[in-house]
Amino acid sequence: MKKLNLVTAVSVLATLVAAPAFGQDATAEPPVVVPGHSLFVFNTLLFLIGGFLVMWMAAGFCMLEAGLVRSKNVAMQCTKNISLFSIAAIGYYLIGYNLMYPLGNWSIGTDETGGYLGAFGLAVLEAVGIGADDADDISYASTGSDYFFQLMFCAATASIVSGALAERIKLWPFLIFTLVLTAVIYPIQASWKWGGGFLDTQYGFQDFAGSTVVHSVGGWAALAGAIVLGARAGKYKDGRVNPMPGSNLPLATLGAFILWLGWFGFNGGSQLAMGSVGDVADVSRIFANTNAAAAGGVVAAILLTQFLYGKVDLTMALNGALAGLVSITAEPLQPTLGQATLIGAVGGVIVVFTVPMLDKMKIDDVVGAIPVHLFAGIWGTIAVVLTNGDATIFGQLFSIAVVGVFVFAVSIVIWFILNAVMGIRVTEEEELEGLDASELGLEAYPEFGKGSQFI
Amino acid sequence: MKKLNLVTAVSVLATLVAAPAFGQDATAEPPVVVPGHSLFVFNTLLFLIGGFLVMWMAAGFCMLEAGLVRSKNVAMQCTKNISLFSIAAIGYYLIGYNLMYPLGNWSIGTDETGGYLGAFGLAVLEAVGIGADDADDISYASTGSDYFFQLMFCAATASIVSGALAERIKLWPFLIFTLVLTAVIYPIQASWKWGGGFLDTQYGFQDFAGSTVVHSVGGWAALAGAIVLGARAGKYKDGRVNPMPGSNLPLATLGAFILWLGWFGFNGGSQLAMGSVGDVADVSRIFANTNAAAAGGVVAAILLTQFLYGKVDLTMALNGALAGLVSITAEPLQPTLGQATLIGAVGGVIVVFTVPMLDKMKIDDVVGAIPVHLFAGIWGTIAVVLTNGDATIFGQLFSIAVVGVFVFAVSIVIWFILNAVMGIRVTEEEELEGLDASELGLEAYPEFGKGSQFI
Amino acid sequence: MKKLNLVTAVSVLATLVAAPAFGQDATAEPPVVVPGHSLFVFNTLLFLIGGFLVMWMAAGFCMLEAGLVRSKNVAMQCTKNISLFSIAAIGYYLIGYNLMYPLGNWSIGTDETGGYLGAFGLAVLEAVGIGADDADDISYASTGSDYFFQLMFCAATASIVSGALAERIKLWPFLIFTLVLTAVIYPIQASWKWGGGFLDTQYGFQDFAGSTVVHSVGGWAALAGAIVLGARAGKYKDGRVNPMPGSNLPLATLGAFILWLGWFGFNGGSQLAMGSVGDVADVSRIFANTNAAAAGGVVAAILLTQFLYGKVDLTMALNGALAGLVSITAEPLQPTLGQATLIGAVGGVIVVFTVPMLDKMKIDDVVGAIPVHLFAGIWGTIAVVLTNGDATIFGQLFSIAVVGVFVFAVSIVIWFILNAVMGIRVTEEEELEGLDASELGLEAYPEFGKGSQFI
Amino acid sequence: MKLIIAIIKPFKLEEVREALTGIGVQGLMVSEVKGYGRQSGHTEIYRGAEYVVNFVPKIKLEIVVSDDQVERVVETISTTARTGKIGDGKVFIINVEQAVRVRTDERDEDAL
Amino acid sequence: MKLIIAIIKPFKLEEVREALTGIGVQGLMVSEVKGYGRQSGHTEIYRGAEYVVNFVPKIKLEIVVSDDQVERVVETISTTARTGKIGDGKVFIINVEQAVRVRTDERDEDAL
Amino acid sequence: MKLIIAIIKPFKLEEVREALTGIGVQGLMVSEVKGYGRQSGHTEIYRGAEYVVNFVPKIKLEIVVSDDQVERVVETISTTARTGKIGDGKVFIINVEQAVRVRTDERDEDAL
């Protein structure tokens, strides 16, 4: 993302040059970029607003997952979500940020030949009360805002994993994996594109806000975990799939709405600039397209479930909204509103078909994270070629594959190690009793009955 | 709303003219409008922030309604809310936006003689990466941000309807009505005021953010639906009103808080500009007044229910907050903080008296949408004359009536047609079983007991 | 907070003076402050965004408390939270705002000799559509936005109290106390620091966003109330502590996430300016540090509870996040990311140890408000000296003491008076039945079982 | 005295209660149960997976009455609760040896 | 053996349980019920509409004890659960023909 | 006819139900109860305070069967529900004097 700097830098220079004319002649075309340091302030503000909206997505994932697990595992799901978000903040600070944005100082590779492994070191923000010349990049935005914004993307990746592995994974092994994911795995692969690494410079990979760099990464890590972990007890018995209904659907719905809201920051902030007419108008396009894609995903999911099953499935509608959002994330700017709606709708169709498909493969994804983030993420990354001339089908597919192989391979190795060292799964008895009682020693809804055992 | 363009255009010109002086003489009064394109960026930013806040209101309506219906209908209420929000996005894109903002190209009428029916066509945003001269209106804001902001108002209108008709209406007929409402009914009447149509130009109708244009419209459509649909089974038997308590009051409370938050975007964004000292100070007044009115509504409701019933009614307090917000929506700028509090308080009083009144009329409004959005909306529209000299009591009453007759008439016709063609109501058996089980085949809280049948 | 005006005023002048050079010579260093009135617009915008984020915290407190009380008291907790927020809006308008910001017109004291009691009068905003010279302070921000932002801090103080006194205090006495707290107690002590009073001018007290001025004040008022009120029936019997588990932990988790989000506005907005490179970069630092501190609080709490009790306690993790946030509130700007994480972590440790400590003292704080807001608030205020050279250990301790003595003394007197006049506690029978049934005559979850009586 | 246990469809509760009050029943206990029986066994689809719904929500009434009231109570329940559709429920009668009213320590018939 | 069914006020549960443990009762079952009786019938107002509250929350205890324990258990329950106010509840006694402990397949008295 | 009351561990419900259907049981009632017994009494810590967990979640089955079925049903339940660990539960047998099927007004054996 940061690479846009050059572009903006140029345009801001253009302004300063154009500036002398400004004001002298009211009829002359005023510069397109706002004068002085408004640019820096506007861009920083975009990151701050975008950042708190993406932070809010952590609550969205938590509510979605808390609503889709059975009541005996709800408190644990909440514990995992608030903990992973906190651990991500630490991992990204300690290693992640500089691994992802080496600003040229690659440990392996160079900007020209292609960067493969970023820099090591703590994240350091600009000093307090800097002047314009102390700013790390006066033509971009404050480093603090960039760090804040990027951290939230890193955390989102971890949130994706927790849902897929719910109701059976132990707390601590999960949190250890989260640390590795947010400190190392995510930042390394993200550097290949957004840090100006080889996928960006050598293969012209296009991924505006992260259908692949964020969502599919979470999806691959979740897939690896789900395979090593195995399905929940009783989920697949004698060839039948035994549904385990979510315990609190309005909470899950709230989660979906929160994610929908947060996504405006996710995609809109990824424009990385709003200090000019063009940039702010682009951010506006992105907001409108992001909403359109989510809407397309919902409508596709409700029509399809009605048609296939004779009844609308709310949980599929929620997944459909998220799949629509993931689908548009790789290119929320170029499509028209109509195109965005259709791209999102395809995402909705994908979840409706792939959720049962995973069940057939006995891969137990409790909340549908893999269909939503991995499958729709792949679709969205490919769909870029439909509306963005800079994207090549090869560049997209190759990058999807490289990221996929890397993340899946590293993740499954780590899952295996964790499993060997400490075991990643609770005992069957603990699982039947529920993780809240067995691992936390409390209940999420101590007064609301124990119906979870009816399943 | 857009008509303000002229005004702002003028002021921005003023600036450019004033500009030569700027900087030459630090003592001279600097222009009130910020220079260059900051204006465009600031205004666009106001729409983006306002827009995502209003989008968030969709979640607020969903939680409020999910909390106020019985548990056997909660999943359906969530399904309706996320679906209607998605359908609104499609309907407004396909027809609504240009019907509402013909920018002079009226299908029936003209800007001068009065516009009655707007233009037909898909919504089209500005191109990617535009320069200042490619902007549709450099003195206003980006079209994408305007579309995004306006769409959310349209969707809010539809959200109002879902609550009133809960627990008995079939999913699909409701969604079809939603499509008509968001694509045709809302945009047409909205064009009369905000599109520069006849109510605006001929009758000087004043409705700053939509007490009538948005809220009463939702209320009228809901009223028509409630009449055609009839009351819930067992709600009114042998002359007694049989209360059906909401299943999850903290969720309803969350919904009210979400709506309260979203309303800052709703009213504040309707200033349509924040790029000058005057505009941004006005937006500030609006934020403060909007909060004051909501507070007034709550305090009036709790005092009154304590006084009338000897006990405070939380659901009335929530309705009171919303009624206060609806009441101030027609004129959130002119009142002082004290006036705003009182205007909101009257809204709170209105709900406390009209909720039981509707019951006496055997009109079954599950969440109090009609008292809150229609009755308080009418009050708020009339109250404009108290603080805004441009408003005439005739202009306000006439416009309330015109909008009311149009929306109610068209809505009731459509409800009748839908009822004749496919039936809009579930069978009594399905209703008793609950819409979640009968229409969706699932439960919102599968583990939390089935107490809903105790009522 | 407002006192920063001078500083900013100076810098803006600097700009205007620097301005002539601007544009003439593109190579010259552009002014650090954005030109014209962007400064005013940016600062006002910061207050509006910060303000709605802090307003959102009211919902966070409500959800946190609704989730941590037993189901028979949930509706009452929601009633108290939405009511107190409304009453704060009225109290701060009628008296609070001018008591807190006398702008030199002290009723007792002077800016020079030290202000002790502010001015009396209603809050008045700038007129509609002001020009630059009508602005109360063109170098700062609009009064409306300042009022809106400050009001939310005042309301937050009241929200803190409601949690500690839950499940046994009567509605009306609590609301009367809220009125006194928000109209008088909070504003008076806040004026000593943020209104430019004696703690600020004479003792150089440093409290950036209110670890003491806001959080400890809520904590002291809560402590006084908890002492006068006594513990819940059955909480402490024959020397044992009898836990009363929260009824809805995902709701409590949602509340914690909401507060976390709102805190970016709380701390970030307290920079009071973002119209320059330095200010906006500082706001960015604050966002990043605030997040780091919350993360530190969570990680400390989960590690410690695992270590002490062999199991992670979700409710402690939530308290840990909030304690981390409170700890960094007094100085969110100066620390590095690492320091912020550690400062927050200490906050997390504090709650884990002080929650049981309070129980040993038989002080029944239902949601842990006192450990989080008072104890972590004191820690945060002291911690300022670690990173901010302007802070003296004496100045900090003295101010903590002065504020503590004042707030605790006045609060306990008012609690005693209320108790004598009307009684602040429900009867034991009402308490056992639950406040929802006895005081409100309804149930928060009428269909979800009555397990609350199992405790 | 007899304990009459009745399983009925939930939405019939109010009607049955009124009918029973009508014939002078002074008290009863209501609880939620999940019922398995002939009515059970329809299938639903959740996230694309079909499953059999074995348990349907029912209301269980427990009423202790004096022997002479039994027939009328049973009659009243079964006529009021009847819809004619599968799943209407059952009524079971069990002998009660003793009854006590906690408040007054009254015994047997007087305790009801 | 006898099955003792006791309906009590919810907040009395803990007290009663302790008292029973005190006299050597080794196990019991607790469930929530809604009770209808003399205590019922007060009115509330919701959203401006008045309605009668027919059902009040109660706790139902089910305890199987050997015949010789019955009187003491009944005594203990009714004294502990008594507040003297309407709604204190009832105790009913029913004959149990056989008891089995699942874990060990022990029968009757040994199963308790 | 007999009423068979069985208290089992919740996660055993599905297994037991299938087993019972297997031997021809046509209907039953399920409800949630909290059980107190030997299994109870472990301690937990909440917000730093230790407390004893007295009640553990259990499932209660109620099945009315004809006398000749009783032994098999009891057998089936206790073997299927057995884990060998404390807390497996109990089975109690009580005499039922009469049964009615609401839908058809059939009586006794035919009503089951």
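Per-chain numbering from 1; labels A, B, C, D, E and F assigned in written order.
By definition in this document, a contact is a pair of C-beta atoms (placed from the backbone, for glycine too) under 8 Å apart; a residue touches a chain by one contact, two chains touch by 3 or more.
Keep in mind that this is a model prediction, so the values were computed, not measured.
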Output for shared partners of subunit C and subunit F reads A, E
Selected pair, greater C-beta contact count between A-D and B-D: A-D
Compare the contact pairs of C-F with each of B-D, C-E or A-D and report the one sharing over half of them by residue number. A-D
Determine the centre-to-centre distance between subunit B and subunit E, using the mean Cα coordinates as centres, and give it in whole Å. 52
Averaging only over C-alpha atoms, locate the centres of subunit A and subunit C and give their separation in whole Å. 31
Euclidean distance of C-alpha centroids - subunit D vs subunit E, Å: 18
Going by residue number, subunit F touches two or more other chains at 30-32, 34, 45-46, 55, 94-95
Of all the residues in subunit B, which ones touch at least 2 other chains? 22-23, 35, 38, 45, 49, 245, 248, 254, 311, 313, 315, 441-442, 445, 448-451, 454
Complete list of chain pairs which touch one another: A-B, A-C, A-D, A-F, B-C, B-D, B-E, C-E, C-F, D-E, D-F, E-F
Contact set on subunit B toward subunit D in their complex: 234, 432-433, 441-442, 449-451, 453-455
Per the contact definition, I'd like the list of subunit E residues that touch subunit D in the complex. 2, 5-8, 31-38, 54-55, 58, 60, 74, 77-78, 81-95
Give every residue of subunit D touching subunit B within the complex, in rising order. 10-11, 13-14, 30, 32, 44-46, 57, 59
Residue positions on subunit B within touch of subunit C in the complex are 22-24, 26, 29-35, 38, 42, 45, 49, 53, 70-71, 245-250, 253-254, 256-258, 260-261, 264, 268, 274-278, 280-285, 287-288, 291-292, 294-299, 302, 306, 311-315, 317-318, 321, 333-334, 336-338, 341, 445, 448-452, 454
Counting only contacts in the complex, subunit E reaches subunit B at residues 34, 45-51, 55
